[in-house]
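Please find the structures below.
Okay, so chain A shows up in both of these, paired with chain B first and chain C after.
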Partner chain A sequence: MASAGIDDVRAWILGRHPDRTTIAPDENLIESRLVDSLSFVELVYAIEGASGVEVDFDTIDIQDFQTLSSIEKAFFATTRIA
Partner chain B sequence: MTSRMVSKLIDQDDRFLGILDRLTTKSIDDYYNPYKLFEWPQSLPAAMWWMSPELTTTHGTEAAERLTQEQLYALSRHESINFYSLNVHGIRELLIEVTKRIHTTGFETPSEFFHHFIGEENEHMWFFAEFCLRYGRKIYRQPVGASVEIPRSHVESLLVFARILIFEELVDHFNSRMALDERLDETIRAINRIHHQDESRHIAFGRELVTVLFEDVKRTSSDEELKEIADYLRRYLTFSFESLYNPQVYRDAGIENPLDLRRELLESPARVEFERSVFRKTSKFLEKTGLI
Partner chain C sequence: MPAGRVGVDLVPFARVRRLTVDGDAGATVLRRMLSEAEIALCHPGAGWDVAGIAGRLAAKEAVFKTLRARGQTLPWLGIEILKDDAGAPVVRFSGRAAELVQDAGIEQIDVSITHDEPFAVAVAFGVGSSDNS
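Coming up: the complex of A and B.
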């Protein structure tokens, strides 16, 4: 569901890190090792699944994937309610 | 790990030195001109398997039962283009890493073999890319974030060569089977056969080098660090295997919800069996050396 959007992405990341219960919107996902090169593609697929939009691998800007809030801005901006 | 220590370990290892010699000689004897070797027909028939059906991601799953024979052929075509695309990207990454190390401290002795390795990989990359562009009209992309960063510097070389080995063994599982599969077109069998021939040398070399590098790392690392290496390599095995399941492939084969199909296939019982068979030899080697 597109409206759940960023919450789905957060849940997906948390699902892979049972030691964590929350992720702050501006926490750096890569520095904190919540996402690394081996899970990056899966993160892209999780975003595609949650947003319903196909991400173009050729034009990916790694900056868009740094934090939950940058992901939200890049991929869910139009569906943001609160 | 200290580079000088690695040099010393290699130079005292008669078994490794003997193998290096034999593999280098074989590289010279088996040398071929890839640019003249293949025939490259205008097109390959669409209504046949492009990949051994047992090696496709839908094999043995409920999803396969929902597809027509024609769809399964199309899927095998796109999956084969994906497989060769993975080779192109994997080779780019390994060429970068091996090129960084040739003729540097620690790698004096294997550098002679690195020349053959780099030369051969460049040629492999060419014929795989050629196949994709001729018969698939594209190379499937990899997102930039997936080009692999190395977690910790003093074990960097070990992880680099362990990754190369895992990648080459995965590919070889496919090559060795498809080279012999009479259901496949001769062009497909030929590239798989030629690649398998070269990769037998690379894999034999990789196993020796990884063993030596690990010997050094083992001595200088804590249990905690060794566990981290094992965890990383286990994740790398899964990552490599799952890259065979490309939603773009399912989309190109006309499947409506590619991400849903991917998830269904990854969660299917057939996946467990498939993964086990792909990495049967690799896991055995990694377990035996104590890497995982």
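Coming up: the complex of A and C.
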């Protein structure tokens, strides 16, 4: 089940692309031009706001931002209670 | 590297203007892309110089394209677009950006910026003499 945080990130991206209604979890956000270098900084800010995690731009791993799935894994990993 | 590498980029004023009117969030994003020295140049008085910001952001991206740093994010704060005594843009590198420049074998980069509503366009040209390709 997707976390509320990743739903916020998805909504943030869709809000900047009114021509789109959905984003597949494995769709490459950069190759599909949903995120470019300018909006990448805004995306990181949105992820920080939704996750509470501060991102260090000097040590950033671009792989963590390629898809909604990778963003969720990197920043919204849910804690499961057994 | 070859004798020279060129990079070009375009930034719509509207994208910058949206940030400048977005309160703290927009200011925070801008401060992640512009150094204090650049902000001093782009915030000369009561408000933001939208054209100046758009031109600087375009120049940073154009410079980054000459580095061909695949898999790297743009080190916004490490590529500063400042002014020389004549008012022409000059590029200053620091941190990760300086390392990327060295890795690319680039020894000198020149930029040119133009802006006219609704866009800013920048071209960067880097030259070097290493064998990096």
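Brief remarks on what is shown
Rule of thumb we're sticking to: the second predicted complex is superposed on the first by the 75 of 82 C-alpha atoms of A that agree within 3 Å, B and C clash if a C-alpha of one lies under 4 Å from a C-alpha of the other, contacts with A are read in each partner's own complex, and residues count from 1 in each chain.
FYI, contacts are C-beta pairs under 8 Å (C-beta built on N, C-alpha and C of every residue); 3 or more make two chains touch, one makes a residue touch a chain.
Quick caveat: nothing in here was measured; it's all calculated off a predicted structure.
In the superposed model, A:Tyr45 makes contact with both chain B and chain C.
When the two structures are aligned on the shared chain, A:Ile60 is found in touch with chain B and with chain C.
In the superposed model, A:Thr22 makes contact with neither chain B nor chain C. Counting the residues of chain A touched by each of chain B and chain C gives the higher count for B. With the contact threshold set out at the top, residues 37-38, 40-42, 44-45, 57-58, 60, 62 of chain A are in contact with chain B in one structure and with chain C in the other. Residues 11, 15, 19, 25, 28-29, 32-33, 57, 61, 64, 71-77, 95-96 of chain C are the ones touching chain A in the complex. Listed in rising order, the residues of chain B touching chain A in the complex are 141-149, 151, 235-236, 239, 242-243, 247, 259, 262.
Partner chain C is touched in their complex by these residues of chain A: 37-38, 40-42, 44-45, 57-58, 60, 62. Contacts from chain A toward chain B in the complex involve residues 36-45, 48-49, 55, 57-58, 60, 62, 65.
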